[in-house]
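Alright, structures below, take your time with them.
Next, two complexes with chain A in common: one pairs it with chain B, the other with chain C.
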Partner chain A sequence: MAPVFGAPDKIYADGISPHGLPLPFGSAGHLFGTDSIGRDMLARLAYGGRTTLEFTFISNVTSIGLGAVVGVTAGFLRGWTEMVLMRITEIFLSVPTVISGLALASVVGEGVFGVIVVVTALYWAWTARVVFGETLALRRRTFVEAAVAQGVPSTTIMRRHIVPHLSSLLLVIAALNGAAVVAIGAGLSYLGAGVQPPTPEWGAMINDGQNALQYAPHEVVEPLICIVLTVLAFVLIGDGIARRGSVSLRRSWLDI
Partner chain B sequence: MARYLATRIGLGVLTVFGVVLLTFVLMFVVPGDPARTIAGPRATPQILALVRANLHLNQSVLAQLGHYLAGIVHGDLGVSYVQDQPVAQLIIDRLPATIELGLAGLALELILGGAFGVWDGIRPRRSRILAVVNVGLLSVPAFSLAFVLLLLFGYKLSLFPIDGGTGGTRIVLPALTLGLFGMPYYANVVRDAMQETLAAPYTRTAVAKGLPRRAVLRRHVLRNAFSPALTMAGLDFAILLSGVVFVETVFGWPGIGQLQTQAFYNVDRPVLMGTVVVAAVLVVVATLAIDLIRMAIDPRTRLETQ
Partner chain C sequence: MGALYIAGCGGTSQKLPSQQSATVKVASGIPGPPATGGHSGGSITIGWEQEGNSFDPAIGYDLVSWDSLCNCTTAPLMIFGASGDGPYPNAAAALSATEHNSVYTIHLRPGVRFQNGRRVTAEDYVYSWERLLDPKIASWAASYLYTIDGAEAMFKRKAKTVSGLKVIDPMTLRVQLQAPDLTFPNILAEPYTAPVPREVVEKYGTDFARHVVSTGPFMLTSYSSSAQTCTFTRNPYYFWKGLPYLGSVVYRWGSSAQTELLQLEHGNIDSIGEGIGPSLVPQVYAQPSLKKYVVQVAVPGLRWIGLNLHRPPFTDPRVRQALNYAVNRTEVSHIGYGESVPWGLPFTKSLPQFHRVATEYTYNPEKARALLRAAGAEHASFTLTSTSDDPNPSVAQVLQQQFKAVGVNMSIDTVSDNAYNTATENKNFTAAPIVWYQVQPTALDIVSSNYVSSGSANYWNYSDPKVDALAQRAMRAPDTAQSNVYLAQAERLIAADAPGIFLESLNFIDGRNPKLQNFHYNVFYGTYYDRLWKAA
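Let's look at the complex of A and B:
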């Protein structure tokens, strides 16, 4: 999609007013204006969306995968496995994501890869907690008890009987977790701990533009709208699936 | 009750210990030499060795962890690599501003969410406005919301000073950001609880015995409807603090969020670790405090804990 809005080199194109100011929204040739060093906003927004979807997709899969494995294992095996795993989950949930995210980012480094690692490390615990609760409920269902009584190995029961029943819940989680990941990824990049310039990313663009807030607010407003619309899309998808599948998530999910 | 408290405190200490352990291990796998950061690129090997010895960097990981844990018990979080000041002091200087903003945000969340939830809850049908506002606010991350308020009330209307720092009406916009950010969750919880309490037999009894509508609402419905909101406040305190970090950065509010962002730029490991540990302690303490308040308000939750 992104190249439709401008060739890759247009991100670095030179568009600046005679007074050395960024071009405003609606300028000829640069429909969405340019940023403080004359780069086309529309092209950068489009490529920024690519960056966002890239880290969102990957870290959504990794964090939900990890969380689901932990949640199902803890909920099905119970006993000391549950105690250890859920204690660790609680520890991860008890530090604000941004605060631990900054500390973690200083270790794993910045960039798209850094965001993926940080988000995975911080978000699996949310999935783990929700999946854990659901697994506890499933465990008492008769078909699971029957399988246990037949002596089916635990791993088989988890894979064949528990996980398939979690699928609609996991879909909702995927949408809401996706919304949270878009937001936290942009947030970390805004703080300078995520995707680094010159790679276009919405949060980093807001960081770039915030000094020009007074005379060129479009530099902040445009990426802002992109972030909000993307998060909104994920939230609406999650809401839709939740209603159809009558899955209820009471706990707040998005945390930034 | 004493037993419940002891268990909760024990679990809290365990959680903080876990956080310390994890961050410590994390900070240790990082490549790079802190001694070089502190002493500068031209330091002689002798000076480097001296700095390492001072920071116990020449000892084993376990010994260093022991030092760090012993330090925490004494309120010592090490010394900043960059600012040459004790980390604990740096954090204590910034903490009041963060706590002020956090509490103001929490209060606004509860008030706005509670008001909206009650307004919607006394209607038999769910209002469309709440649903739309809910989804709308859910989709705006804290730092985006902060920019919206900053642009609208700071630049366009010039209602509040936006020069950074604390004091006067400077707290309004940051606190409002946090309040609006958390509002939808609380509105939902309060609304659901309202519907439940309104349908409860004790409400019917109260109405049947001729209590005025206002008294029924205040004495029976509201009190019960706010309990779940408090439960959520306890569970979501970490989320609130996350928001505080962003809001501090956008508005230039000098709290620990800003301190940590700076520490990130400077790769100042002791400060980064210190803020994580302090944040964990804050969350544990606040969660316990909120739970105790809830127990004072709602006797049913007292029974649960026994």
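Let's look at the complex of A and C:
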């Protein structure tokens, strides 16, 4: 869809007023106005949405995948495995997200790849913790105990009897995690540690426009609205899935 | 052959404003107080974004410190005129040069006192300059004095005193240079060559910066890092009698550029120290109510992209030339509307008595593509190491698109100011944006720092023996006109080699309270505080 709205990096000769000001919202030819160097805001917002959904989807898969493996393994195997994995999980849970995200980004590098690595590193532990608790409950269910008694290998039990029962929980986690990833990704880009120019990204667009807040508020307000609506959409999706199932885990996932 | 700089006994004399009866005397060649109007007393507040690095004349170099040194605490021997002309005698009564500008005799102005009341003698200059050259002080400005015979030896711990400094009598100092140097009087107009009293330096040691004493119009009377403010109070011993008018100058720091503009508009501050930031300039010009706060001054400043000539793709001069042709400078200058004008050469646009022989780079994407093809670099790529300082992010993104249009991919690595400084000083970068404000009215200021092989700011690994030779000849030339002939040739060579992507000549957009009277801006020093006052 994004290409329909035009090129996001093109600097338009008519994109700046004779006084050097960006065009405001509702301008002819640039419905959402232009930014401080004359690029079309609508095109940048559309491409920014693409970037956001891209890193949100990938980092959701990686962080939830890693968290699920750790949670299921610790919850099913118990003993030393549980102690080691869950202590590591707790260490990651105690790390302040934004500060360590900035530090990590400086090590792994910036850009979409950097955001994915940072989000995965910072968010897998939340999934692991929840999945661990759910696995403990499933571990005591009779069909699992029966499989253990019959000598079915642990990996098979986890794959065939535990994970399928976690699917609705993981969907809720994915939706709520998505909301957090959108926000943290935008935050990192706003702070200069996330997606880098010329790739349009909402957080980076807010950063670009913050100096123009007084005379061109649309540069900040438009990407901000996009972030808010996207986060809200993910939360509502998660809420909807949770209402259909039996789990509700919303609150902790918005804690960024 | 020699030169003579004379101020007469007291410079020019003008009648003080009507409320005062004495006659005020100031240096020739700089804007003086008017014959009528105005009054003594009052206070002004200058807003800054950050705290200065040091108010010690030997150490301070950032914008805040530079302003405090140039306009409050020090009064060097010489002084530049508002547009960068001169220098003219200030704390010196006269300066004479003999033996082809290799020996200078400085006659001190009678009646010059430190802010603690003690008379200044030639010995104080010897002490202050040897202190500047003390390796323990590690002054950024030490190399400016290397031109004096024995100065470099002292800095390198090979001598305990500077052999080229000789006190003839308490009011006369003779300076022997290593070689003829036309620019030496310019050095005497820099605040780091102003005298400091030994007894005060020894009393406060490393804390001298918070208790600085020199000969300027205002003395530092309070400093609070935690409250983010300091106050400079009128110096009763200032040698230009009748000045300064103001009772005090207050610095306040810690606000953003946007907040400073609001503070100015609401009368909380009287001047924005750093000037109005490029991203705020369009707002100021578009908003009629703000126009009265703006003073635009063309300063000898440049913005360019410095290139590391030891790193590909910039090892090939054709690539560097291509990128100079790929830049649409008009588009770049739109970013800070009024803050800059397009300029495609390595030396500042306005240089006195300078006849250019270099050809300016202009936008020519076809030529850029042809040069890239010839260099086999049609799809070259490199990384720009930049900071988030206004307007670097915007300039970088505009250039990114312009280079992309000729097939060159530039990625942007935005780092902290410290990381940027470390990268450039260690030459650990491929390309980096540079802003350079000249502090002398000669292009030698730029060429000797940036383009001479041993230049202290030559982060580009640029080396051309012809440029080195021309810079040396320019320094040893008998007069400015001849010096500029050599410098013009040097500019032509540097432009052809293109060790940078030359972008803009800068303007300073000052934001100041329109109630400030007799407001003058010096292109090297900033606002002259000693001669302005605030209307009721």
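FYI, the second predicted complex is superposed on the first by the 246 of 256 C-alpha atoms of A that agree within 3 Å, B and C clash if a C-alpha of one lies under 4 Å from a C-alpha of the other, contacts with A are read in each partner's own complex, and residues count from 1 in each chain.
As a working rule, a contact is a pair of C-beta atoms (placed from the backbone, for glycine too) under 8 Å apart; a residue touches a chain by one contact, two chains touch by 3 or more.
Keep in mind that what you see is a predicted model, and the values were worked out from it rather than measured.
**Student:** Is A:212 touching the first partner chain B, the second partner chain C, both, or neither of them?
**Tutor:** second
**Student:** After superposition on the shared chain, which partner residues are touched by A:104: those of chain B (first), chain C (second), both, or neither?
**Tutor:** In the superposed model, A:104 contacts chain B only, not chain C.
**Student:** After superposition on the shared chain, which partner residues are touched by A:38: those of chain B (first), chain C (second), both, or neither?
**Tutor:** The second partner, chain C, only.
**Student:** Would you sort A:21 into first (chain B), second (chain C), both or neither based on which partner it touches?
**Tutor:** second
**Student:** Name the contact category of A:197: first (chain B only), second (chain C only), both, or neither.
**Tutor:** Only chain C; A:197 stays clear of chain B.
**Student:** Does the superposition put A:91 against chain B (first), chain C (second), both, or neither?
**Tutor:** A:91 sits against chain B, while chain C stays out of touch.
**Student:** Figure out whether A:63 sits in contact with chain B (first) or chain C (second), or with both, or with neither.
**Tutor:** neither
**Student:** Regarding the shared-chain residue A:189, is it in contact with chain B (first), chain C (second), both, or neither?
**Tutor:** Neither partner.
**Student:** Touch test for A:52: chain B only (first), chain C only (second), both, or neither?
**Tutor:** Neither: A:52 stays clear of chain B and chain C.
**Student:** Using the touch criterion from the header, give the chain among chain B and chain C with more contacted residues in chain A.
**Tutor:** When the residues of chain A touched by each partner are counted, B comes out ahead.
**Student:** Please report the chain A residues shared by its interface with chain B and its interface with chain C.
**Tutor:** 192, 213-214.
**Student:** Using the touch definition up top, name the residues of chain A that touch chain C in the complex.
**Tutor:** Answer in residue numbers: 9-11, 16-17, 19-21, 36-38, 110, 192, 196-198, 207-208, 211-215.
**Student:** Hey, which residues of chain C end up touching chain A in the complex?
**Tutor:** 257-258, 277, 279-283, 285-287, 331, 334-338, 388, 390, 393-394, 396-398, 400-401, 404, 411-414
**Student:** Could you list, by residue number, the parts of chain A that touch chain B in their complex?
**Tutor:** 87-88, 90-91, 93-100, 102-107, 179, 183-184, 186-187, 190-193, 203, 206, 210, 213-214, 217, 220-221, 224, 227-229, 231-232, 235-236, 239, 250-252, 254-256
**Student:** Spell out the residues on chain B that touch chain A in their complex, using ranges where they run on.
**Tutor:** So the residues of chain B in touch with chain A come to 14-15, 18-19, 22-23, 26-27, 29-30, 135-136, 138-144, 147-148, 150-151, 155, 185, 189, 232, 235-236, 238-239, 241-246, 249-250, 257, 260-261, 263-265, 267, 269, 272-273, 275-276, 279-280, 283-284.
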